[in-house]
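Think of it as A, B, C and D in the order they're written, each chain with its own count starting at 1.
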Amino acid sequence: MPFSSGEKWRPRAGFFKFSCCTGCGFELAYFQRSLEDTLKSFDFAFFRLASSSGDFDSLLDLALVEGTVTEPFQAVELKKIRKNSAVLYAVGSCAIAGGIPAIKAGGLELEIEKRAYQKKLYRLTSIRPSVLGDYVKVDGCVRGCPPGRHDLEEALVSVLLDRKPEFIEYSVCVECKMKGNICLLVDEGLPCMGPVTNAGCGALCPSCHRACYSCFGLMGQANIPALKDKFRQLGLSGEEIERRFTLFDGLKLKK
Amino acid sequence: MRKNPYVPFKAAIRGIRRETGDVSTFLLEPESGLPPGAPGQFNMVGYPGVGEAPISLSRVPMEGSDLLEHTIRAVGRVTYFLSAFRQGDEIFLRGPFGRGWPVNEAGGKHLVLISGGLGLAPIRPVIQMSDKLQARRITLLHGARDPGSVIFKTEFRHWRKKGIDVRLTVDEPGGGWRHHAGMVTEIVRELQIRPAETVAFICGPEIMMRFAADELFLKDVPGSSVYVSPERRMRCGMGLCGHCQHGVWFVCKDGPVFSYPELKGYPDALF
Amino acid sequence: MKIKIDYLGRVEGEAGVEFEIRGGKLRRLRINIWEPPRFFEGMLVGRSFDEVPDIVARICGICPVSHMVTSIRAIEKAIGFEPDENVLLARKIMSYSQIASSHLVHLVMLALPDYYGRSSFMELLPGEEALLKKFIRLKDVFNGITAAFGGGRALHPVSMVVGGFTALPDEGRIRGLRSGLPAAGEDMMDVFKTVSALELPDLKTDSELVALSEEGGYAVNKGRISSDMGLDGEEEDYERLFHEKEVPYSNAKKTAVRGRGALMVGALSRVSLHPDRLSESARKLALESGLAGKNKNPFYNIRAQAVEIVHFTEECRALLDKVQSGTALPKLRPKEGEGAALTEAPRGLLYHRYAVDRRGVVRKADIVTPTAHNYLGIEENLRRLIENNIDKPAERIRLLAEALIRAYDPCFSCSVH
Amino acid sequence: MNGENTSQKNYEILISRQQLASWVEGLRENFQLIGPVGVKDEAEFREVFSFDEINPGYRSTMLPPGKTFLLKPEEEILSFDITPEGPVAKEPPLPHQKRVLFGVHACDTHAILYLDKVFLGAFPDPLYRARRENTLIISLNCRAVTEFCFCHLVGAGPFLKAQSGYDVLLTDMDGEFLVELKSERARKLFRIEGRPPEEKDWKRKEEMELELLKSFSKDFRADGLREVFLSRPDHPALRETAEGRCLSCANCVMVCPTCFCHDIYDETRVSRTGIKRMRRWDACQDYSFARVHGGNFRQERQARLRQFVFHKLDYEGQFGVKGTVGCGRCIRWCPTGIDLTEIAKEMMK
């Protein structure tokens, strides 16, 4: 029984990073509110940010993986992680939808690389950004940039209780309405991405009078053309609209 | 029912019978206070921290015994979690909820029970009380995917002894299968009935219920004699949370058993 | 003897170190920062000026505020906008609380285990329960401040935009934040004692200490370039004073002072260049900890960080008394132009420069991060450290090498970006 | 003198704005006062500390007062302590805060009566019931309508005709207020000397309503809808609106005063020291709303939109009244302006 017995099972967990800002790692190791309990509840067999030892090849009850795949070696590592892990969750917008690193995929990639490096260019091994799900089966998505409180905790608890997770799947508007914010899109005509964006942040931006910029990524049932139409009616140019939809979801939209 | 309808009852697992690879029947002894329930009704079954799921009674307490049974396939969040439970553990129940099978209508009639897969679970209590139904005749038509996924296998012999005409079919027969092979609708088609004296209870996947009902209608069974029990997402079981709404109905409190005409015509279903 | 650390733990981002000791001589030392490039400078081109802060925040998960503030200032210069005093105050609160929080992560989570002979701060438990509790309390205070001003979250804040803030916390909230600081000050003194009790390895270096300098204050969000060797200039002079070079074995670039060489940026540079600009109690602690007077031992960086947390705790208190709640964000008109900005990120000097066209679309972006500024110095000083200890056992050398790199609090994610 | 007549007479009183203000403010001694603050459609119901904060001429609010204060957006319905014997259920304390909901329009009053049918039916919800019993509802007839209102088409306004289920009905008679006391507790609480309304006052009230009725802009025929709905569930008006405009954002449901659906879920923290069983407003527009293992009964956007439109405009068989009160919020706050009355009109063509 998950709650009753005396002996406590400490699932073995690993945290892995691909191309990203390491923010999800910091969220787990520092920013989140259940920090102390997380450290006590899990045996982190691999978490480079937090430990200088650690076994990459360890068998795991839970693998949390952040970052976009932008290098061939990462794809190899990812497959290994998958093989070793009972449960693998993609953490953060980079791992789930490509996030900021995938902006590159929306342009001429070599041009973009040239702007950052001149001499070293031929030594780079970068490949087109892709998400974890392109290479392995992902058991769940802890959305957000950085991940939302509910989903991160749900991911951890699901393993502790050995039950399936239930991640948030509705729009930011739902959270926004529950907070009683007057709608920025309807009332002020601000190009808010809330209607198509997966909730989990607590409607942060609209709550501080800012249009949602979709850092949690598009929700599954997003009606993208319909919101684009709306933005056009608000007077946004095609370029401005595209930018809003490709900030965190460039890859999803390409498909 | 408790004053606060959200407070669950504990029930101790007295036994677990493995039906198939992922289906188990839990024999449960609830703490006192849980009303016994009727065939076709369901409980919200769950565990704190995981949630609740509507599970129909596969045995209702009867004849001095408080024991009830739930037959559960480990697929959803709650059911998968419960599949790890062992004898002696406790689970949590609220209920029983809903409108069950109209068993009184079977009196003097030919009761045709049609089930597919796990749909046999809510039908089983009807069979268990068959002596009291005063039905003229009872036929059970049960279909499953393959021989390995037939539940309550050991009971068919006993049911036949009680005089019930049990006919089985599987979609994918394997070696040694001595019964019919094919869809459950096919064995419905073969059935000899007098339409005006027939009442049918159907439970299974929605598409199977619809086709099975259609076969009966071809035999001129009136719609009002055909009862089905659809599945819906439920959170409360009491007609409050709204998830199970289908047309004007709350499947949890107005159903889960409906006569066919009650459901007919509403969108988002196959009826 | 070949020593190779493929993946350095307890640092932000991905890097390895390798070197060989043969015949009592050190050969082939290189720090390979293999953190994959994300090409921020490339992908920013074509994006709108008001998206830049949100994009560059994602360079780093521990100092997003620094990247945001720096890019915002550079863009405001490019489009010719000057924010009001209250916005500047609020930005300072964001930066100060973030630096305190970032330092705290480094001190307790990343650096401390080196001095306890452990591989992670989780292993400090049990035994250091009290320290962990204080750490969590402190983190909640500083994160709480960044989050309140940042629109609800400390990591990748949302309300800080080009032009100002979309909203600022109300007075009650500000009072609440302020009331948490005295207790934090006390907790911090205990952490300070723990850190200053650590025995730091000796290492003399000749890196040039570089930090921003501002009259009448401890420069963070803006200032003149200054160094212990007389470097002096405006942020526009940056490219004249510094030189950036690509390295074949690493995805990060190396920055040097033009005509001179390696530099050191970060808490140690700031504290030892400008101890007089610290708050009174922080200054006292700096003097007691042997930080004033151009201390060039990188291992002392963690003491300097501890001093800075004390300083910024007090500064936050003062600023929270001054800052006003509520805000009206001006409507910004894009305009063709270029702007450069320098700030002090937790790990030191951070440079952003942008050119935008008349529609406000970015046409050119340049970012140089603290770890790129330190890269050359880290390698040079690592060489020195190993040569000083060349007769020690390999394991000891390896641990010393790791500890030195960590002492810089490098951020490899930033350095590559 | 006939006692009954006298008291009957006293149930209806005309008082000045000043008298009303001092009565309402006086209620604050025992009640938390919630009222509409702000202008136009963006007013909101929140706690007020003086009558001056209230805008009796408000037109609409984004969130409906009844649903917001009686069925909170999110709340704990149960908790479980973790003991050596396993989890033990604990009921939350019943809400005891006495409240006045002041200025509830006719549509929103009808919406509360609708919620009563859901939450005070065969399985009364303890939290809803406690809040409902502790809440004094002072309704207020509208003096202006918005371009989105259609209460007049569904029998829910603009003037409130219901005779029970709430406490007081106010009508702003150009400076004076007509007070109609509708509950026993209101009669006990209201002790203001005023002028009994005369024939001309009643006539004036009638004229005001007729006047108001002219200012509605929405128009559709509600009868006969059911046949069309059931015979053409995939009508192009639905399909095209769903595909072309519906964002599945669920704003319509969130702001709807009669949308009662909610999710129930267990909140467990990593510490696993206790569990909270929560409920939260949920919406049929969400993809997962009707999902079961192995299927989703409203997988398509069109099906989800249809559920909302049919539930509001039809399905009277559920509670004997329509699911809509014509407040127009779902139209006002839909980012793409989807209008269920327009869909109905299209389908009736």
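Keep this in mind: a residue touches a chain if its C-beta (ideal position, glycine included) is under 8 Å from a C-beta of that chain, and two chains touch if they have at least 3 such contacts.
Model, not experiment: these values are computed from the prediction.
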Central chain (by mean CA position): A
Two chains sharing the most C-beta contacts: A-C
Identity of the chain that, by mean CA position, is farthest from chain A: B
Intercentroid distance (Cα basis), chain B paired with chain A, Å: 41
Distance from the mean Cα position of chain C to that of chain B, given in whole angstrom: 64
Whole-Å gap separating chain A and chain C, where each centre is the average of the chain's CA atoms: 25
Interchain centroid distance [CA atoms averaged], chain C/chain D, Å: 53
Interface hub residues of chain C, defined as touching at least two other chains: none
Touching two or more other chains - residues of chain B: 48-51, 76
Interface hub residues of chain A, defined as touching at least two other chains: 1-3, 157, 161, 166
Pairwise chain contacts under the document criterion: A-B, A-C, A-D, B-D
Footprint of chain B on chain D - complex, ascending: 77-78, 80, 86-87, 89, 91, 118-119, 121-123, 125-126, 230, 233-234, 260-266, 268, 272, 275, 277, 279, 282, 284, 289-295, 297-298, 303, 306-307, 310-311, 315-318
Interface residues, chain D side, partner chain A - complex: 42, 44, 62-63, 68, 73-74, 82, 84-87, 243-251, 254-255, 265, 268-272, 280-281, 283, 286-288, 301, 332-336
Of all residues in chain B, those that touch chain D in their complex: 3-8, 10, 47-52, 75-76, 90, 92, 205-206, 231-233, 235-236, 238-243, 245-250, 253, 265-269
Touching residues (chain side chain A, partner chain D) in the complex: 1-4, 34, 37-38, 41, 153, 156-157, 160-161, 166, 169-171, 173-174, 177-180, 182-183, 185-187, 194-196, 219-223, 225-227, 229-230
Touch list for chain A against partner chain C, complex: 17-27, 29-31, 35-36, 39, 44, 47-54, 70-71, 74, 99-101, 103-104, 107, 111-120, 123-124, 126, 145-146, 201-202, 204-205, 207-210, 213, 215, 240, 243, 247
